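As written, the chain order gives the labels A, B, C and D, with residue 1 at the start of each chain.
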Amino acid sequence: MVKNKNMNQSFIKNEKIRFKHIDYAGIVFYPRFLEMLNDLVEDWFEEALERPFSKMHETNGIPTVDLKVQFKNAARIGEVLTKQLWVNQLKTSSIICGFKFINQKEQTVLEGEVTLVNVKIQEDRQSIKAEAFSEEMKNKISKYI
Amino acid sequence: MVKNKNMNQSFIKNEKIRFKHIDYAGIVFYPRFLEMLNDLVEDWFEEALERPFSKMHETNGIPTVDLKVQFKNAARIGEVLTKQLWVNQLKTSSIICGFKFINQKEQTVLEGEVTLVNVKIQEDRQSIKAEAFSEEMKNKISKYI
Amino acid sequence: MVKNKNMNQSFIKNEKIRFKHIDYAGIVFYPRFLEMLNDLVEDWFEEALERPFSKMHETNGIPTVDLKVQFKNAARIGEVLTKQLWVNQLKTSSIICGFKFINQKEQTVLEGEVTLVNVKIQEDRQSIKAEAFSEEMKNKISKYI
Amino acid sequence: MVKNKNMNQSFIKNEKIRFKHIDYAGIVFYPRFLEMLNDLVEDWFEEALERPFSKMHETNGIPTVDLKVQFKNAARIGEVLTKQLWVNQLKTSSIICGFKFINQKEQTVLEGEVTLVNVKIQEDRQSIKAEAFSEEMKNKISKYI
């Protein structure tokens, strides 16, 4: 399911495992990995797609509608993970991204696929609606396919 | 992928959406849903399988190795979700569980599948090893297939 | 600083310590205690003051402006804590609440004082302003002094 | 209570406010600030005191026993906070640290005082005991007074 991507076509960030991430067994509690994944998407939108969450979230959002993760190796406090994100499929108003977290021994900690939908928040702030990506956004996203 | 299960064969708990769960859009931040799922597995082990995490985690664990979730409807503060868990497959040292969270309008908020592995923590507390379920555990788990 | 209060004048809720709350040492990671405190305030507003966060947070809020906590005893997974909240001082647009979490051996796990301010969110959603409590709210709050 | 400290005698780290930190009002949910404070203490122990949590937590710990915080200004997504930590008092087996988080407009977001105790985890992993700081540790800590 998850293809190994050329690092050039991927968005890359590092994250250090901290005390707050680990559980009683001394390994990362898996919901914390999903926070790290959300941070990665947030950084990608800000740094690569020039659409920072701080601007976007007044009126728009990119909720996660589908998530598949395989946890392959535990991660422990003090380790630095390399987080890699790329695009598997670009649709009218959604993207399917692949991701992989690798440790310093080059072992895969986790890998998977996440589907994000581009939405507009309606004026009542109570409902959302899918919205097509602009051509400009499509061009920026395409670089990561 | 996710079959609708007879409620009699499922383990059921309710959870109320709270201020701490929601994001700027007023909906649950998805890593918080995975914390709610972990709570559900924890309750199932304690209440149905008589293997409370408080006893188990000195020497054993049940790490999550595979997770698939589809997020179908947003959940908002004040809503009470019904969390449902059942067993799709029981193997020698792992279980594949199905799960579904439903809101008070009987809409599916999310559904998916999670694979848990039964492990023994080695004496150095640095490594873990898969361990077969006991016959007694298998019998208890089987009631949720 | 913290007075022992008559249980009749306090708002009381129980909370069970879960796997997600504890750290590598097997005890509650202290920021999780503050989430438990926030839940207690949230329950008090909904159940006792009839001002549920789900209604209030569109237009108002009660941010925490001052917090003092003494952590007296560790709490471990499986323990059930009794969380107790009362009012030390009611001012025009703020309240100083006392709180105490007690374990099943009747030991104090933590105790402290928190100051909450009643605010109105301005139309731009970018700024907030202190607002006086209504007479009705004052009456309801007064029962916990 | 909190003295403004010479930046030279302080330990300084920056942290960016992210989507996961903020609540429905668009400002940091205060328990997340305490996670940021814990990260600051963790970085100080690793980078300045040469006692990384990844090594220490098998056998020792530095639990927080007292915390006082004043929240002065809200923090929003995208802002970068400067987190500052120093030592107000060094005792035999505990330290009282002052801390302050400042935003890019040089406003104080929060400030306070936290007391940490140096402990040894007993062999049963069920109890802890205060332990005097070594002379070497005292010397390193003293630089931040």
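What we mean here is this: a contact is a pair of C-beta atoms (placed from the backbone, for glycine too) under 8 Å apart; a residue touches a chain by one contact, two chains touch by 3 or more.
Worth saying up front: this structure is predicted, and the values here are computed from it rather than measured.
Chemist: Same or different for chain A and chain B, where same means more than half of the interface numbers show up on both copies?
Modeler: On the two sides of the chain B and chain A interface, the residue numbers are mostly the same, over half being shared.
Chemist: So which has more C-beta pairs touching, A-D or A-C?
Modeler: A-D
Chemist: Using only Cα atoms to place each chain's centre, name the chain farthest from chain D.
Modeler: When every chain centre is compared against chain D, the largest gap points to B.
Chemist: Roughly how far is chain A from chain D, centre to centre by C-alpha average, rounded to an integer in Å?
Modeler: One centre to the other, that is 29 Å.
Chemist: Could you tell me the distance, in whole angstrom, between the mean C-alpha positions of chain A and chain B?
Modeler: 23
Chemist: When the C-alpha atoms of chain A and chain C are each averaged to a single point, how far apart are the two points in Å?
Modeler: 34
Chemist: Of all residues in chain B, which are in touch with two or more distinct other chains?
Modeler: Residues 19-20, 24, 26, 29, 31, 35, 38, 57, 77, 125 of chain B each touch two or more of the other chains.
Chemist: Help me check something: in the complex, which residues belonging to chain B touch chain C?
Modeler: It is residues 18-20, 26, 35, 38-39, 42, 52-55, 57, 76-78 of chain B that touch chain C.
Chemist: Enumerate the contact residues on chain B facing chain D in the complex.
Modeler: Touching chain D: residues 19-20, 22-24, 26, 29, 31, 58, 77, 125 of chain B.
Chemist: Mind listing the chain B positions that touch chain A in their complex?
Modeler: For this pair, the touching residues of chain B are 24-27, 29-32, 34-35, 38, 57, 61, 63-72, 74, 121, 125-126, 128.
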